[in-house]
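Scroll down for the structure; my scribbles are underneath it.
Per-chain residue numbering starts at 1, and chain names A, B and C are given in the order in which the chains are listed.
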Amino acid sequence: MPALLDIAGLSVGFRTENGLAQVLDKVGLTIEPGEVVGLVGESGCGKSTLARAILGTLPKDRVQAPGGRITLDGVDMLADHGAARALRGTAVTFVPQNPFASFNPLFRVGTQIADLMRGRADHDAVVAMLDAVHLPQPRAILPKYPHQLSGGQRQRLMIALALLPRPRLIVADEPTTALDVTIQAQILGLLRRLALERGVAVLFTTHDLGAAWDICDRVMVMYAGQVAEVAQRETFFGGPRHPYARMLLASLPEPGREAAAIPGDLPDPLAPPPGCRFNPRCPRSTAICTHGAPPLAEVGTGHAVACHHPWPANG
Amino acid sequence: MKALAKRFARDRIAVTGLAILGLLALAAILAPVLAPYPEDVATFHIERRLLPPSAEALMGTDRMGGDIFSRLLFGARATLTLTTVAVGAALLIGVPIGLIAGYYRNWASDALMRVSDVFLAVPQIVMAIAIGQTLGSSAENVILALSLTYWPFWARLVFAETRSMRNEIFVESAVALGASAWRVMVLHILPNIASAIIVRTAIGMGATMLTAATLGFLGLGVPPPAPEWGRMIAESRQYLPDAWWYSLAPGAAIFLTVLGFNLLGDGLRDILNARIRRRR
Amino acid sequence: MAEPAGGPVLAVDRLARHFPVRGFLNRRVGIARVLDGVSFSVGKGETLGLIGESGCGKSTLGKVLAGILDPDRGTIRLGTEQIAAPGQARPATARARLQYVYQDPGAALDPRWTLRRSLDEPLVIHTDWPRERRTEKIEAIAAALGLPRAHLDLHPHEISGGQLRRAGLARTLILGPELVVLDEPTAGLDASVKAAVMALLRDLKRRFDLTYLFMSHDLPGVRSACDRIAVMYLGRIVEIGPAERIFTAPGHPYTQSLIAAVPRIGGPRLAETFTLRGEPPDPSAIPAGCRFRSRCPLAMPACADVEPELEGDAGHEVACLHRHSLPHAAGHRPDRP
């Protein structure tokens, strides 16, 4: 079965006044229909840029022609032609981190939804979806203005809007980062359940490993624009092989042990380290690590690591 | 400081404005030296009246025979002094009031702002004429009129800026540290809003100069025969269109000066705003 | 656990702060009881954690403690001295002894001032030391926080984020405070940076003999850093006790939901077994009786009549009418099978 989303060798650079920032460096990712994939990484790892590349919202004036390929259902999404544009908003939809910014504060919510769903979903379908996302009294929500809704309610609304066009893929960019922990728990649960019920694949970006554990089937970790490791959830959290992934897990506070910070700083995107970008901070790095970025190599079923010296399995 | 100067030098608009004003200031300061007929400030040569521009009188002569160019240079002094003192006085009154009203959030702040609203509602020229009628039409009274009607503008500006600064974390932190109100207002808030004030001052000088010239045109200001650009234009009216040079010279001088201030202000705004954006 | 010898460092008694709710024409149409009667104490050398979600009142509590806001009711005692009460001006010495650290400590520095000048300011305000002594102190504290001396003459925007954080902390510690209120010190930070900041705070506490009030919504972080934890909901403390007990055997239904909401790597998915529905009511329309009853799975008619007080033993107090019937030891959580 062909993958729903197929990204290969994606490289994206941003032109800045101080030079070219290579934000994504030959990134590859596949998503099967109906699966929930987590894209985990810290600031500057490129996860938001990747999301925007899929959605076609990269700022064209600042982006240097991207290398590589993004294919959704066989359609090339990097090219800005009609086929790609037809898919955006229908086959692939978006749940943003900050739902407030997606709404026009001057218009009622119902008006904005009707505008977005012109002809594609009738009023009853909208109300049914608002109900499905557990928005209390959906009909009462429609005449309200965005600022009258809470963060959790707005995010539920965004999920409803993302599901209405019956997409095949939802790109959710840090959708729960700004929410309280109990609201986050509700939203994560909701999103996963609805996606699985409707067979919608989800690409969920986050810097919160706990959230990734909770919602995803597969996890991909990125560092400074490069892919570090991809694995099934249990495999990844049970014993990651990439040194960065392992140190990332060790930096989480757990009862009984001290959280260990990762020494060093994130690299400057204008002058990233040669080869594997994690090598200056990596305890296992050697000369070969500076010569070339290690390729993403399979080390088990569905488990791939990009490292010259990965930790051994169960090491 | 050096970085600022470099940025300034790169901005052609600002440099042009500064150049114009620099020339003007020089002209005013060096008037006794530069003017070919410095005595024409006070003396008359009726036989030479209303002569067109020539080698002897670069910009022609006025109705009393005085060399317009010389009078222009000396007139720069009057106009500039008037403008600077008026704006300076308005700043000295308005900025502290704005700071205090913006810092405190009580009935007194509201009262101060309502008072400034009242003064703001009076048109400058009308006020000046009224003062001229009651107190006399001297230069001092023009300055009085201008500053009385201009200080509320600064009070409001500084009030708005102070209010928004008041919510900044570093201000709140200074208050929590136990900094006195004076310390917070003068050492923290004022330096951070200074760029807004500076930019508006440059542009405000231009506007005030125009008003001062208008008042001069109406007969308010330095008494004759001392030269003043506005009054020179008023004098020239009855001799138009024949003695065209008579109005052109002072008119061009006013135009150039106001342009200089506006350019400087625009340039400063671009430079200082970029700096603020980088800082935040 | 932390039985204070010689009295607690901080004692807060029934502290309250309300905000008017403005409506049409800016008339007062209601009151938001954001902080509504909070009492607790912090012992010397302890780290008390304060957890709760948006609207619980903890940031208002922080600001009242910091002296940025005045209380409407209640008192705050720092050691033996009462430092805050309605209408009381905060004594200058109290401002030196109790320091407040913002989420971004660097934001507390004036962007136009050099670091040196920002560090000098607390000394200028609170001491009458001569310049040499102040300079000595500034350089000592900078060294203690790992700030290179050359940085002292730079401005905030000229140094890195990590250094800026240290500079902000240096300013907090230069007067040698007894109690430091930390307001969300790790919010918005990446996981590895969080760990580094927590380690730094731990180190500073040890070296400077500090007592911490740690307000955060990062629950795993709070668990590992704090001795005791207080849980806030809608302006009041609903549970307070030793950190481990709060996490392993929470007594209050809200605490149970809060703990259950944190994803546990290796544990079952929250999916929608997490049953806490809805959101907290508006602080201007707090229901009568127990504030949590509108969402509580254990709500019963009596909960609408009485607002439960904190009661308990062995340092673990819960404000809930079901206190006696809740199983404590087994860690049973009603919303998890």
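Heads up, the rule we're going with is that contacts are C-beta pairs under 8 Å (C-beta built on N, C-alpha and C of every residue); 3 or more make two chains touch, one makes a residue touch a chain.
Quantities reported herein were computed from a predicted structural model and do not represent experimental measurements.
Visitor: Quick one: do these chains touch in a line, a ring, a star, all-to-all (complete), or other?
Guide: Its topology is that of a line.
Visitor: Tell me, please, which two chains come out on top when C-beta pairs in contact are counted per chain pair.
Guide: Ranked by contacting C-beta pairs, first place goes to A-C.
Visitor: So, what's the distance in Å between the C-alpha centres of chain C and chain A?
Guide: Distance between chain centres, rounded to whole Å: 32 Å.
Visitor: Taking each chain's centre as the mean of its CA atoms, how far is chain B from chain C in angstrom?
Guide: It comes to 52 Å between the two C-alpha centres.
Visitor: Take the average of all CA coordinates in chain A, do the same for chain B, and state the distance between these two points in whole angstrom.
Guide: 57
Visitor: Counting only residues that touch at least 2 other chains, which ones in chain C make the list?
Guide: As it turns out, chain C has no residue touching two or more other chains.
Visitor: What residues on chain C touch chain A, complex-wise?
Guide: 53-54, 160, 162, 190-196, 198-199, 217, 219-221, 223-225, 244, 247, 257-258, 260-266, 269-274, 276-279
Visitor: What residues of chain C sit close enough to touch chain B in their complex?
Guide: 66-68, 90, 92, 95-96, 100, 102, 104, 107-112, 121-122, 125-126, 157
Visitor: Taking the complex as given, what residues does chain B use to touch chain C?
Guide: Checking each residue of chain B against chain C gives 169-170, 172-180, 183, 188, 191-192, 278-280.
Visitor: Which residues of chain A touch chain C in the complex?
Guide: Contacts found on chain A: 42-43, 134, 136, 150-153, 180-186, 188-190, 192-193, 207-211, 213-215, 237, 247-249, 251-255, 258-262, 265.
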